[in-house]
Each structure stands twice: as structure tokens, then as C-alpha cells.
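Structures are listed in the sections that come next.
The two complexes that follow have chain A in common; it is paired with chain B in the first and with chain C in the second.
And then the complex of A and B:
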């Protein structure tokens, strides 16, 4: 496929999520202009849009991993649990060590823990042939116990640490540090996947694992890698979350993140059937979900009704992308044209 | 296909083993077997409650079977069903929601297993479904928080309410009791009420969003529990405001962190809701096992603490 063709394809995939974001922003402009209010407090840009970006990070990072996993025809239900483990490792390091030592321990511990989570899933799936939904479901449930154990068998662990506080609540060039860090991670993942052959190998695996294997694609290693990436990205999201709230919680940290992540991937235009994927779409999907949440909250809709709207958006975006609906629409337009002609 | 079946059977097998493992203890001597269906571990308050009941059971020499539904009401009902199937001697439930209990409690009644409700009540026409409810009076807690506000801020207030999990007994009653007193006083209005699910992080998120709302002016935050209040305080500080001065924060529960926050001058008052129900629960179980009458409602006494009392009370806080 030539460059122009693939760019065109990317645009057709991204057009609906982008349209949905624009639509939400437009609705906001009419219903609640205050949503665009920005102010500067202590050199920090503040406003609903900034808060949206900041909180979308917890959807985006796990969703990037989820996107790659889904591209291989898999799914990772354990991203929220990996985040809880990452948060637990952060809290443990900050309560056991002080100053620079805590950072030196926490960062490798979080990345290592995320890697282990992902590799566990990856081995179960690629070596033992357990279905992704089953393997990751098991870890989703069991891993929360691990988070608990890391924290010394308590459910909640609070901590104070200047560096992590800066990471979670600080500002760099006007925007939250968390947003910069996550954007850098996202760019890193996109470059890694798209510049190397990894993206192609992932797509080949998802398109048809058997023929990919026959064509020489190291399917088992590709699977290990995508689950490992999902684990690390989620654990890092957990570290950022813990830094933001100064706490780690075995139950609440990362609760339902897997659902938001899957939703972001789907809204972003990647299909659950595997194969072609778009990380950029996933990023837009994550922002879209958080934008919707913040927007509803800003006009005073109670948070328990929010999932309803999330669900409706997913359905709407999937429907406009559904071939059957498009065909029906095209047929209808064709018939009208014939009638008026 | 066959691999899926193998996996499912394996899971079922492990589940069966686990449940048999739990059931294995019933033959151990003649000790009283207590099934405890906890609702979750969302807050430090609930953690303290769980620990209190576990410790008190150990002290009383009872065999405690512990299940935690982690906020899922359907799960909790099936856990109670599990206890009935195991034939425990008494079931202790901390109900997540008020509704949906009649069927399973009727099953317990038919099996002759008395049920002790702790910390939250249920909606039922049939009072005989449970032996007793040991809990604070949440409506009264709400009233106490409101009364403190009315007494200490005579000029009136525009209040934002951070409510608990929708449908949960304390969320409903703490809202009701607070509103009751507020409505009697001119100048006090609740300008916005949003749920933060009793969670600290959600408290911060919701407060961040509310602070950014140009249409919303408020000078008091009333949170249904301490965790949400502590999250809200972080958000208030993050916005460059001074909790206790610019915005007064009051809450309910009286966990240790709330006392620390009061000492630091952030939180203004908290109504203690004692989670250390374990000893009372075990006392009641002892009475039930001896076929003694127990009162149908046992109210644990609550007390309001304000910032000025916090430093003195802090060292004695157990949870």
C-alpha cells in the first residue's frame, strides 16, 4: 500500500472520533461557555479543559497498551489491576525510603512490576494458549491481592513525597507535568510501533495468526511484547495516579480502567476483530471519554448517570462506522436520487 | 473449544476447592461459626470496621468466615447465600444497599440462622428478617454536622455537598439529616450536590471540577465521609485557596487522617461515627446463641469533634 493510501485510510478512521470531539466542544460552547474559561494561578493554567487533559491520562496510557493488544485479536482486562500494582509499588517505595532513594526505587519497581504483570499475561496466552479474556480476567482479580500485599496487607496507603507530588500535581510550561509525561510516553510508543516493524508484525498477527506464523512472524514474541507493554503503560499510569492523589488503594485505584481503555480504543476507530489499529485514534478516544465526563459534571449531571452517555457515544460512533448502516444509507440516498431524477 | 472448556472447568474446580476449603472449619469443635459479609473496603472507616469485627471474633473465640463484596450488591447477596449453604450459626451483614434483601434473608430465616446487620439498615416490611441492627443514627450525624455549621457560621452559607455512593444508607440519611437543619435556617443553601462515591480520589476530582465552575459560588463543603473531604481539601489547596478560611470543610466519620487534617487547620469539624462495632457485635452474638432477647435496634453513640479539640483527641484515635 502506498503512503498516500494509508494516510487516507488513517483519516477515514479518525474522522468520526475527531468529529465527536468537535461536536462535544461545540455543544459546550452553546450550553456551557464557562467550560472554556482558563485562568492562571501560581503559574499554573487552570480550567475545565486542562482538568480534562490531566484526567484523560489515566484512560490514555492503559488504552495505548490495550490498542496494541486488541490489534492482535486479544484483550487485556487486567490494566486497572496493573495500575493498582504500580500505584502500590510507588506508595511502598515512598513510605519505605526518603528523598531520591524513593524515586530510585519506585521507578524501576513500577516498571518492573508492570513488566511482570504483562509478561504473566503474555506467557499464559502465547505459551499456554489460554484465551486472552480468561488469562487477563484471572489476573485482573488476583492481582488486586498482590497490590494489597505490596502495601503491607492494607487497602490504602497514603504518602508524601516532594518529587512525586511535583509529578502528580506540578506544572511545567503552564500545563500539568502529568500531561507532558504522558504525551512523551504516547509519542514514544507511537514511534516505537510505527518506525520499527513492530506495528506491521502486530497487524499481521491480528489479521491472521496462522498465516502470520507461516510467513515467519514471531507471533509468540509479538504477543509477549504487546501484553508487556500494556502492563508497563498501566503501571506507569498507576504511578502517576498515586502521585496525583498521594495515595494507593488496592480496590479503588484503576477501578473500571479496563472498560474505559477498551472504550477509548473502540471509539478511536480500532476494531476488536484485530489487525489494523490506530494509536492516535485511541488517544483521541481517551480524551473524548474524559471530555464527556467533565462536560456532564460541569453542567451538574450526577456522576452515576455519566456511564449512560458514555455508552451512547460508543454506540453512536460504532454505528456510523458500521458497514451495514453505511450501505443502507447509501442505498437510501441512491433511491432518493433515482426518484427525484 | 475444548481448551476453553478445560479452562472453565479448571476455574470451577479451583472455586469449588476454595469453597470446600472455607467450609472445612465447621467441624472444628463446637465453636460458634460466624459468617461476616462485608460490603467493601472503599474507605479507611470500613477498614477499621472490618478489623474490629475480625479481632473481636478472635477474642470471643468464634470462627469467623469473612467475605467482602467490594461494593457489588449482587455479590453480597450471593455471599450471604453461601453462608446459609455452609450452615453457619449466625450471619453478620454490612449491607451495601438498602434494598434487595428480603429473599435471601427469608432463606436465612427458614434455615434458622439469625442475621445481625451492622452499620447500615435495610428496607423491609418484615422486621423479623433480622435479629438486630447495630449502627449509628446517620440522620442524626447529618443533623449534628449541620448544627455545627449553623452555630459557627451564623451569617449563612452556600454549601456544596459531596455525597456518598448513591443508594447507600449513610448517603441517604446524612443528606436528609443535614438538609433538615439547614432548611430551618435562613441564609443556608445547598447550591450543589454531587456524588464522590465515598472515595478520596473522587472527592478531589469532583471538587476540582466544581471549583472551576464559574456559575458556582460556595464557601462550605459538606462531605458524607472524611475520605471525600480530604480529597476535596487537596483540590481546594491546589486551586490556591485556604481550606478552613476561604472554604470551610466539614465531614463525618472521624478517622485518624481527619483529626490530623483538623490539627493542620484544614478540616473544620467531623462527626465521629464509630466503626469499632466488633465487641458489641460479638456480645450480641453471644446473647443470640444463649437464646436471650436482643433489642431490635442498637444505636452506637456519635460525637462531633471540631478543630480545637483535634490535637487533644488525636493520640487516642485508633483508626
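And then the complex of A and C:
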């Protein structure tokens, strides 16, 4: 009974994002018939749909961290920068070491770098009380310089490494390796948050920080943890991106990722006011944004104009979810029913 | 006796389910300081909001200088000559004193859209400051002045135009003693200039130091208006709390408290010199197992502050807490919770519940927080815990999954209580646990507290209703003006006994001057 209650709650939150995904798939079928074309080359499924999954990874991983941050009433504008730092650490390891040594250095370096990025934000916010938007904005700008320094003071660093090439471009059981890895990370995060009590403590913190503190919730530690997680997830996204393109770029890696991540969270049904959050919704939101981007490209919208449509559609989805608008709509339908009755 | 400057008649304001003001009548004379008093929920704030045009009354009227007026907005009220200064200084902190003082009616050169004549603006600002006895650099930003001087600048701004009535809403709450004396002296001078001053405060000393008449509201109703000089403090406290003195005297013996616990019981917590600057003078006390200690006093007396310091909700600036032989200064509630202290705060909505979380989650929250995030309570244990307390405390909700924000106040309060009972605390601190909830729930909560005390929990209980405190507690500390002024137990512990202590508390520390018109405070900044 209780389980059913919360399942129902989850479904009401996810119904609009899911409906939007279905709608976009439908529109794609009309405007871009080639969208559903799938072929198998070299044992890998290929086609625009696969590309959607592959590219949505770079939105999804930072968005998972962003979702938890937003649930605490915060925001993290530095996820793109953390990704650039992660990519830089990967490129640095692959140009400094060879073979297995590069992997052994890169993975801990990326995770450690992401952790440091997140902890820096978390300390600024939880210990010094700086507003999240300000603290992470500062790091968003400053961190790009760190990415440059990691790469030996160059803007772009290219590398070749078989293992990372497999990670970024290889195939496993018909799908890109990158998709499997990201799915595993996403499942890991969801399990970590929902099987442990972290989810509840995050929701309490975001719903009413005062009440949470007086109930003994370690609010500062919760904040530290969510920003740290956001940093690590973004850095890992940066590692995957670098593996895919065989390069790291101090300016372009992770550019505007924070905006896509915030949009994915909001479209996914988590409110910016904090409290209740849904990671599954965020995953759907990330796929949705990628679908939208591809659809706009397919119908020939200039890539410079794409953000306009993206913004409008995100706004529309949020409006549909807005309680005020839904109430007004319900009232209107009620009146019409009364009039016709 | 001068005719009234402002007459308020039949003022009524309804909120859903509450009569916030119910036919209130009184008048303010020119050249008088009129104290408006009442406990929480008496209707003072609502009355001021109606008077200053923040919200319209549902019935009744204001007659200003013989003409009925109906201020529709704060601006309209100001144009009528009704000025208000709030507790929180309402100036633009980054702008200069002069800018703040002339804002909205800046002197300009050559017509209305000409450039501002700063020379004249500064001269005008200086003249306005003179009126309130402040000498300050008018080009300095307001934020660079001490808070007390800021308050005086706010008053200078309020009375700059053609003002008749000046409403001061708890203006002294954040001031130190010298600043209070200066403000009271200014009120005396403004009275001399013919202004009618409505003075809202909960500091009785200040009421007696400066006011000419006192009006008391209680539960939205007008209780009465008295000449200050003819109203003994004890009687005033009686009016505010709704207790007739003689009746109380007669009845009080029947309410004689339970016998004080025998000396053998064990001390659970010892506070030594616990205090916080600006909130509470240092207090030492002991909490004993199985004893309920009441904290009595009017709003703002320091009772809530003491409770918060015991729990670590606020950092103490002096003193320490000793439990289990270890002496510490709490730096966070978590430390206090780890030692077995529980705290049900006064502000249920802002400090008690997490409104969009379910009843189950709200009940399990403290227990889960203590276990840490790596040791989650299983869903089943949470549900069992919540269902058990929902049944035991009679929380009215369809099930534990309903967001707690959708329950009524009394049921929310029970759920917050359940959160702490689930911790099996050794010290249970309850700040107004029965406020704003219906009588049935009140009785249940009181019974519950008594039961916990009987089981050996040390209870700290705060309630405005003195009868509750005297009925439910073994021992009562009486607070007034941020100090503990008395301790009662055994036969002395009666409603009238507590009221005597509140009223008689020594007035040696009362803010001077008693003769505010003979301005003692100077004009330095």
C-alpha cells in the first residue's frame, strides 16, 4: 500500500517527461524518417537513435549530480569545467604514460580531480555560506585555467590510447561501450542514493534546511557530499568525452554542459526550489534534450538558432508541469463542462 | 484632556477560521505615548497592518483628526500622516544618510526633473537628524552607523513629512541598553511636539518608563485601556494573560503543583552560566531525571533563547553544558542529540517539519540522521515506526505517506513530537508544544509529557499559558527581560506566584530615564 503510494507519486512526476519523449519520437518519425534507421556494422548497432543514447551521456552524468545539488536548493554551474578538468587529466595521463600505466594513473586522477572540484564548491557553500550560484560560477570560470595547466599550459592536447579509444568508440553487446559505462554509473548513483539514507537526508535538507538541522541532519556534510558527487560525475563525463574524441580542450570540453544539465533536471520533474528529486526523471530529461537537439538539426535548424527552440520547448514542458497553470487549466475545463452540461 | 487624534472603532479582521481582530476600539491622543500590548496572537500586528494600509480591515473604521480615513496602501497611510517604523530597520543600507532621508522628495534645481540639489538635500537631512537628536555625517552610508542610530534615522525619515501618528513596532528589540534609553528619550521629545505615538513592545520596563496609557489586546479582542500610572504591573500581566488577579489568587491553591521530586534523583544535565549576547543573560540550571522544569515568562523574556541554547540550536557566547561528567559547548544540535537531548521548537512550520516530506519520513528523520546515511532504516522499519506513533499519538492522517504539510497544526505537532519520542531522549525540551492546537490535542500532548517525565525523562516545558506550566511542571524558572528572575517549586508554584515574580522582578536594571522628557541622552552619534 505504502509502496504503491510512492510508486504512484513517482509516476505522476515522470508522466510529462515520458510523454514529451514519446512526442518527440513521434515528431521525428514524421519530419525525419531516417531517424529510425538502424544498421549493424562491425557488430555495432548504428543509427540516429544510437547516437541519441551516446550523446545524451554527456548531459546525463553531470545532470545526475546537478539533480542532487538542486534538491538541496543549490545549483552547480561548474559541471562543464569539472568535465574539462577530467578530460585534461585523461589527456595528461595518456601523453605522460603508456599502456596500462596510463589507465592506472588516469582513472584515479580523474576521480580525484572531480572530487577536489566538488569539495572546493562544497566547502565554499557549506562552511563559508557563499551562495551556490556565486561559488560555482567562480569555479566555472577559474577551473578552465586549471584544465589548461594540467595539460602543460596548452589549450588543446591530443592523444592516442587503445584502451581509452575502446572506451570512447568501442562496442559491447551491440551498443557503444560509453552507453554501458554511463548506464552502470547512473544505476550506481541511483542505488547509492536510494538504498542508503542519503536521498532522505538530501530531501530533508532541501525541503527545509532549518528543520533538517534541528532534527540532527548533518546539513553541511550533505552539501559537501552532493557537490563532491557532482564534481566526480562531471569529471568522469569529461574522461568519456576525451576518450571519444582523443583530445582535451580547455575551452570547448564541457562548454554549456551546465545549462543542459539544469534543463535535464528541471524537465525531469525536479523543482529548482529543492526537496523532492527524481534521478530517473533526470535521466529521461537528458535523453529528451538530446532528442530535441537532433530533431532540430534534422529539420535543418541552424545550429546557432537551436538554443532558441530548445529554450522554448523546455519552457513549455515546465509550464505544463507548473501547478498554477494546471490549476487554471483544470478550472477552465471545469467551467466548460458546467456550461455544456 | 485633549480630543483624540486617532480613534479606532469596531476594527475587525477575519482570516480563514480565525478572528484576528474582533471589534477593537481605542483612541490615541495627540502628545501621548500609547503602549499597545498583548501576547502572541493578540492581534497587535494585524491591527498595525490595517492601520498602515498593508491590509484592509473587514469592518470598523479609523477616524483621524475627526475625519474617517481608510488607508489603502502604506503610501496612502503615509500621506495621511500615519508613519511606521518597524523592528527591522527599513532603510537602504548602502545609500548615505542624506540619500535615505530625502529619498522620494529630493530637492531639485529648476523644476521637478532638474538635477538633485545635494547641498540643500544635506542641509535638510541635517535638520531632520537634529529633530531626533542625532549628529552624524550625512554623507556616510547608513550601514556604517550603529543599529541604534539607524533606528533613530528611520524615525527621522518617518516624521520628516506632515506626520500625526507614529507607529513604533517593537523598535527596541535589537538595541542595547544605552540605545534603548536614547530612543525612549526621543519618544518623550516627540510626544512634546504633539505627535501621537503607538508603541508596540514586549518590554514592560520600557512601557512603564515612557508610556502615558496602555491598551491590551488578547486573542484579537480589546481588553481595555488604562493610564499607565494607575495600572500596577501585576494587573497588567493579568490582563495580558487573561487572568483575573483576585480569581487567580483564590483558585491558585487548588492548582498547587505536584510535590517537588525528592532530592535523590539523578541530575542529567547541568548548565553553567549559559548565555548569549543580546539574547539571554547567563543562566545556570540543573535538569533532573523524572522532573519537568517549566520556563515561564512573557514573549521575548528569553525562555525560547534558553531552550535553544540547551539544545545547541544557537551557539552560546558564554557558559557550558555538562552531561555524563563531560563539559562541552554545543556547536551544533547534532552533539546535543547524540547525548540524548530532543527539542520541539516553537516555530513548527519553519523549524519543525519538512512540509513536502511524508509523515513517515518526518517521524523517522531524527533517528535516521543519528544513524548516519550509511545505515539506512529499512522501509519496513520506518513504516512500522510511523504507523506505531500515528496510532499511539492519534495523528489524524490517512497513512504515513501523506506529505506532512497537508496535516493540521496539531497533527503536525504530534508528528514532530513522535520524531523525538522515537529517539528515546533523556532530555526533552518542548517550546510551546501546545500553541495553536485544539484543546483535545493539547490535553493529549500534556498527558504524554507527564508520562515521559514519569518514565524518567528530564522535561523542559515552555508554555505561555501559566496554568499549563504550573499544572505540568515540578519546578518553574521565571524569566523576564532576558534574565532568570525567580525559581518556584512546591507550594509556591501557582499561577499567581509566577505572575508575582514576573511583575515584581527587580527594576534596578530598567532602562533610564524614568523622566524621558528630561532628555538624558545626548545628541552624539
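One rule holds in what follows: the second predicted complex is superposed on the first by the 340 of 341 C-alpha atoms of A that agree within 3 Å, B and C clash if a C-alpha of one lies under 4 Å from a C-alpha of the other, contacts with A are read in each partner's own complex, and residues count from 1 in each chain.
Please note the rule applied: a contact is a pair of C-beta atoms (placed from the backbone, for glycine too) under 8 Å apart; a residue touches a chain by one contact, two chains touch by 3 or more.
Just so we're clear, the structure is a prediction, and the values are computed from it rather than from any experiment.
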Based on the superposition on chain A, does the combination of chain B and chain C result in a clash or a fit? fit
Which partner, chain B or chain C, is in contact with more residues of chain A? B
With the two complexes superposed on chain A, say which partner A:95 touches: chain B (first), chain C (second), both, or neither. neither
Once chain A of both complexes is superposed, is A:203 in touch with chain B (first), chain C (second), both, or neither? second
Between chain B (first) and chain C (second), which does A:250 come into contact with in this model arrangement: first, second, both, or neither? first
Does the superposition put A:306 against chain B (first), chain C (second), both, or neither? neither
Have a look at where A:163 lands relative to chain B and chain C in the superposition and call it first, second, both or neither. neither
Can you work out, in whole Å, how close the C-alpha atoms of chain B and chain C get once everything is superposed? 10
Is there a shared patch on chain A that both chain B and chain C touch, and which residues make it up? none
Within their complex, chain B touches chain A through residues 3-4, 7, 11, 40-42, 44, 47, 70-71, 166, 192, 194-197, 199-202, 204-206, 208-209, 212-215, 231, 234, 238-240, 257
In the complex, the residues of chain A that touch chain C are 1-3, 5-6, 195-198, 200-201, 203-204, 207-208, 210-218, 222, 275-276
Per the touch rule above, chain C residues touching chain A in the complex are 311, 313, 332-334, 337, 343, 345, 350-357, 360-361, 364-366, 368-377, 379, 383, 399-401, 419
In the complex, chain A touches chain B at residues 34, 37, 41-42, 46-48, 51, 55, 129-131, 134, 138, 154-156, 158, 169, 241, 244-247, 249-253, 294, 297-298, 300, 302-304
